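What follows is a set of structures for review.
Consider the two complexes below, in which chain A is the common component and chain B and chain C are the respective partners.
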Partner chain A sequence: MIEKIFTLWPEITLFVFTCVVMILGLSRSLSVRRLCAPLSAAALAIAGVLALTTTPDAKGALPHLPLFVKVLTCAVGLVLLLQLAGTADRGYETRVARGEAFDPLRSTRAEFYAFFLFSLTGLMLCGNASDLIWLFLALELTSLPTYVMVAISADRNSAKEAAVKYFFLGALGAATFLYGFALIYGGTGTTDLQGIHAALSQQMATGGINSIAMAGLVLSVIGIAFKIAAVPMHFYTPDVYQGSSSGVASMLAFVPKTAGFVALILVLATVGWVSTSPATHGQLPEPLHSLLWIMAALTMTVGNVLAVMQNSIKRMLGYSSVAHSGYMLVALLAGPGPEGASLTRNGLSAVLFYLIVYAVANLGCFAVLGCLEKTSSDGKSEEIDHIDDIRGLISTRPLLAWVMAVCSLSLLGLPPLLGFMGKLPIFSTGLAAGEIVLVVILGLNSAIAAYYYIRIAKNAILEQSPVRPAGEEIRDAAVPARQFAGIIAGLGTVVLAIIPISSLAIDGGTFRHSRSGVTNSPAQTLPAPVGSAEPATADAPTGPVADATVPPTIAR
Partner chain B sequence: MLLALIFSPLLALLGVVFAPRKSQVKHIALAGMLLPLAIVSYLLLNYSSWSGTTASSGRATELAVSLNWFPDIGLKLVLDLNSGVSVALVALTALLGPLCVIGSHTAITTRVRTYYGWLLVLQSAMLGVFCARDVILFYIFFEFTLVPMFVLISLYGSTNRKAAAIKFFLYTFTGSVIALAGLVYVAFVNAKGTGEWTFALDTLTQASQRLPAGTQAWIFAALLLGFAVKVPLFPLHTWLPLAHTEAPTAGSVILAGVLLKLGTYGILVVAIPFAPLAAIAFAPWLAVLSICGILIAGLICWTQTDIKKLVAYSSVAHLGFCMLGMFAMNVAGVQGSVLYMINHGLSTGALFFCIGMMYERYHTRSLKEVGGLAAKMPIWACFMVFFAMASVGLPGLNGFISEFLCVMGAFQAGDLWAAQGLPGGTAGNLGPYFAAVAGTGMIIAAIYTLYMVGAICFGPLKEPAGHADHGHGSAHGGGHGSHAGDDHGSLPTDLSAREIGVLLPLAALCLFLGLRPAPLMNLVDPAVKDTVAIVEKARTQAKATAAAADDNTSALTAR
Partner chain C sequence: MNLLSIAPTLAQGPMPTEMGGATLFHYLLVSAIMFGLGLIGFVTRRNLIIMFLCTELMFQAAGIALIAFSRFHLNHTGETFVIFVLTVAAAEAALALALVVLLFRRKETLDASSWQDLKG
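The block that comes next holds the complex of A and B.
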């Protein structure tokens, strides 16, 4: 156990900084309170560096997954931080500046940043999970702070409504997968992921997975579907995204989603994508395969069709978040492919890569929304949300308009933007796994999606500003950091398509096939790290794991 | 060289964006368009194929560019011009580009930078499609042409432009996403065989040809769906009349001249070589669809009163001939089809220019409102009649030879010939009946074209109500130039020197290619023969398997 601690330096650092941030935010002095954001950034930067230098725990089925999750978390976390800047306490701070006495009880700044960092810590811990209990705690550490962040992100009732909705449905999701985890424990007698894998392999070799464990797996998948906003657990998405401020919404689209996919990968890896020969793609055992197939098809279709009908950009992006989960489920279904498969054959790498692709473009869209405020005739000012609010943006704020257009087209997957580079591996892994019907559904869905992404892009860069009612105007939100975040994301969708950055994702998805108990020769089954210069490769596993000798029978 | 060819318009894009004065924009754009034209001219002058030798004799291979782009997904920047078909289409694109810029000087007066900027991007993407030798690169360029065209239609089109632009985008995007699935599937099959993930066109072509007929059928269907929308093949053509009618003049010219050819080019270079067995099996059905397109679009043309819509529908009919020739899949047919791509680009492009020039003066395209313009604009009427004749296929002009070859290809491609012991026939599933029915399409084409030309050029002079009050005769004479709403005040009654300059090169090429198509035919000949050879090989292979199957069954029955 103690050696596991040594793999957690990034998380520990982040946690320590979080505590400091929490205290600093309560200070009476404004200049000290203002340190919260820079300190959070410093924490993320340090954690990122530590993540790159710490030896990760390389015992699981996916030896490089923790490294990927940590680095991604820190990198995207920094941009998210730029976007979240100035979300909490804005109204309160102006009142304090006017002379009201500072009351730590009414300030939410400290909580906001601290919860943000807590959530990211949870995400990083997810990647490290080697045990179901650990995984559950990590997932909850990721989610619980976000409920609060939704509530305090905006000073309006819809934010509170969103938070309550999110919390109750989240609790339902958590209960579902916790129940699933319990059943898995019941069916296998252990909570250790490797142990579960050994037990399940044994069961598969001798007449099939027992029904309790299978029920547990199914429930886990359905419960985790809440985190990734997949059908049938997607209902909260549009309301919550619309209710919370744009920074928090874009965080919701990245942090829980990534945690959910990482958890799905870890849970499904205990069953393994069983293949009959090393050269072919494997498949999940039957109930899981059908479940994910139907989930993927429905998630894509429901998300896209409902997004078409929206006029609120946040709702649109909410449904698009649902749809993108569907795309990723296709690659997840395809599984890791044969030994040493690269991005185009390894579905897990494709999922991880797509998480980057999606995060970048989605961040850009939300950042633009966060940059602008609509002041209505009664003097209230709110973040823009309606599709008409960005109409004619090109004539007043060309840079933001282009960011919006490029990011939404990248979400559409239009070549040569980053989105296309992400979608191509999903296509290829899906086809390689023989899921041709699913890939065709994916293609048609991309076409449906074209309708609303084009609408966003067109409104931003092609239309003329409409004549707005008297007293209503669109103004810049006084938070320059958000513009900066938007520009980073916009550049990212273009530049990252030219500079390949997928090698981390490929490593992250590298699946240790020896664990699936398929090949008989343990010597061949050692993971072949793809172009990795990480220290992890030095102490890669030195021998076959206990279950590598399980006969290659497949119980299906 | 090829990188310069493709990216020089983008270089000019920088100039367009940062030009200090708006008036300089069009000149910079023109320079950006002329650069590729200069490069293409240089290449053509040095192209060994002119002298009749094959394309693979060295000259063209020096051009090849191969750079890694995104190695993790096997994407490479591979450009080459080793096929005569590509060279011809690149030349067509490079020629139409500068003409579009010159032709837009007076038509586009607002948001000039955006207009010329996107025009340059479009040019770049179109040149890229024809040079790409990596299927994903091809797909990227193919797909990227949508964005500039979308912008051109939805910003600079006429009243119904937004709906037209969306329809155009969604139709093409849907088709091409399915085509992408087909391409990726072939890449996967190849990777499974060789262990190397690549999208190189040549490698994939060879890998795909080895697949069984059933798999090929699916691949062909997927690819065809993507390309047929673009062609457009009946019944997927409904986006085209709308897009054409609403697009600005230069947009229509490029749409008809080049973008439609992306579809036929894709079928010729990707779909048929990838799945020759399926192409043979589907050919009669596709030929039937092409003929339906020819006849139905022709009949629709006959009833049109909107002159631009008429020409748009005539494009559907013309591309029907092009597809018919291609699916005859013999040398005459495919050669005719390739020639048709070039010739249709020249003559229909020119017709759209003519209509645009008329529209700039009268602000209407309705045959009910204008007519008999020969009296007022004799030079314009000359060009109009000339290009209409070229488009209808008057012998001596370029349309004739290609239409003739297409129909002849279909005529020859039937087993009837061999069965009757007649010379000149080729293997195939079409035949004289196909050619005969398609031939009636030529008659319909003659009817609607002559009817259109007759109405707009000859007969009593008709001008829109209100136009005569401050007609062009006086508008350019005095201070009426700044008359409110009279934004065409600087245009003379008949064509200006600039406008003649746009039309004259096209007219000269139409005449030249009509009188002496040999250079163009020699240029595309090797590529055409390669494609036909692929199909022939597949045909013998299919016959051999069929014969073997027959032997088996007869052996079984004998037993």
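The block that comes next holds the complex of A and C.
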């Protein structure tokens, strides 16, 4: 048990820094308060280096997943930090600068940065999860801070409305996957992921997974769908993205989504993608396969069709976030493929790689929105949002216009850009797994998506700037860090397409198959109380009814 | 470690007589009904606090299922899980009430349908 702690140095570092940031942000001295952002950056950098140097705990079915998640979190977290600069407390700090006394109760800077780091810590812990309890806590640690961040990201009613919608649906999602986890525990007798895998493979070898465990898996997938904004739980996405400020919105598109996909991979890996021979593509057991198939098809279609009708760029990106989850679900459904599969055959690697691709391009789009401001109807300045606001951006701010165009075209998946490199493995794994219909739906959806992504790009770089009446001009937001974030993301979509960064994702998706029934020895991996309990089901307080629904499944 | 290895034996033995007739099925039934009621309440009610209580109901339904399974499997994992679930539920309650107060100060109502500026 104690050696598990040693694999957690990055998380521990991040957590310690988080606590420091939370206290420093309340200081009365402006120069100390200003330390929040640099300290957060330092924390992420140190955690990233630690993640690369710490030997990961390579026991599970996905030995390299923790490393991938940690490095990705730290790298994208640093860019997100640039983009989140100036989000918290900007109005309040100007009032303080004018002579108002600083009141720590009214300041939100400390919470904002601390919660940002908490959320990233949760994401890193998700990758490390080896137990359902751990996974549940990590997912909650990822999500709970983001609800607060949405609420304090902007001082307008829509941000509060977004926070409440996000929170309530989030709680519903959490309750759903928690119930699912409880049923998985009920059906297998353990919460240890390897133990569950052993128990489920034993059940599959002897007449199928029992109905309680299967119901648990289905509920978990539906609950986690909230985190990735997939169909039964996608309603909040456009509202929340529109209501929160652009930095927070791009964080929401990365952090919970990545956590959700990692959790889905871990949960589905306990069932495994079963194949008849080592050379062929495996498939999920039946109810799960159909569920994910329907989810993937609906998620893509709903996301893209509704995105076409939007005029608000943030809503468009919100629906596009839904659609991209659908694409990734296709690869997730395809599964890891045969032993030692490359990126084009291994669906899990394809998902992980696409998470990078999506994060970079999406970040660029939101960064551009965060860089520009206009005066809203009630006289306050707010971020631009309407599609007309970026019309003719090329004539006034060519750099931002190109970032916007390149990033939206990368989201579309236009060939030389990173988005194409990400989408290709999704298509090929889908085909390799024999999901022809799903791949056709994916292709059609990419065509629909072309309409709105090209519309964004065209508005930014091809249109003439309209004459805007006085008071409605587009201004630069006085936060240069956001422009850096945009430029980094814009460069990323071009440069990363040339550099072979996918090797990390290929490693991350390496799936250790165990085909011949129970290959893991659960006696070593189960926690002590379970391992030492006798299979005393005869003594268990169960009547004949319970025995009929739950066969004794304490695998050891 | 010694304590942990003898712990399972503490859970064994017959149920107390007052609960003699209750099987795992009954506990699961209660928990499923609670979960269903929470879900229905969440979808149909528009009062923010009641909606929040409905999600709490769903959390506690999972808690009941976990404890029942824990007894059924004769290990303590489920009970441990419940402790964590209670903690998270408490954190969530704090957050929910803070948000509700924040909203109430702005519009003086708890009706969810009065907050519908974002749509399309």
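Convention: the second predicted complex is superposed on the first by the 508 of 556 C-alpha atoms of A that agree within 3 Å, B and C clash if a C-alpha of one lies under 4 Å from a C-alpha of the other, contacts with A are read in each partner's own complex, and residues count from 1 in each chain.
Here is the rule we go by: a residue touches a chain if its C-beta (ideal position, glycine included) is under 8 Å from a C-beta of that chain, and two chains touch if they have at least 3 such contacts.
As the structure is a prediction and not an experimental result, all values here were calculated from the model.
Among chain B and chain C, the chain that touches a larger number of residues in chain A is C.
Judged by the touch definition given at the top, the superposed model places A:S158 against chain C, while chain B stays out of reach. In the overlay built on the shared chain, the residue A:A331 is in contact with neither chain B nor chain C.
When the two structures are aligned on the shared chain, A:V148 is found in touch with chain C, with no touch to chain B. In the superposition on chain A, contact of A:F168 is made with chain C only, not with chain B. Once the two complexes are laid over each other on the shared chain, residue contacts for A:G189 go to chain C alone; chain B is not touched. Of the two partner chains placed by the overlay, neither chain B nor chain C lies in contact with A:A263.
In the superposed pair of complexes, A:Y451 makes contact with chain B only, with no contact to chain C. By the touch rule above, chain A contacts chain B in their complex via residues 279, 342-345, 409, 414-416, 420-421, 424-425, 427-428, 431-432, 436, 439-440, 443-444, 446-447, 450-451, 454, 458, 462, 497-498, 500, 502-503, 506. Within the complex formed with chain C, the chain A residues making contact are 132-133, 136-137, 140, 144, 147-148, 151, 157-158, 160-165, 167-168, 171-172, 174-176, 178-179, 181-183, 185-186, 189-191, 238-239, 242-243, 309-310, 312, 315, 527-530, 532-533, 536, 539-543, 545-546, 549-550, 554.
Taken in their complex, chain C has these residues touching chain A: 1, 4-5, 7-8, 12-15, 19, 21-25, 28, 35, 38-39, 42, 48, 51-52, 55, 58-59, 61-63, 65-66, 68-69, 71-78, 80-81, 84-85, 88, 91-92, 95-96, 99-100, 102-103, 106-107, 112, 115-120.
Contacts from chain B toward chain A in the complex involve residues 69-75, 136, 139-140, 143-144, 146-147, 150-151, 154-155, 166, 169-170, 173-174, 177-178, 180-181, 184-185, 187-188, 191-192, 197.
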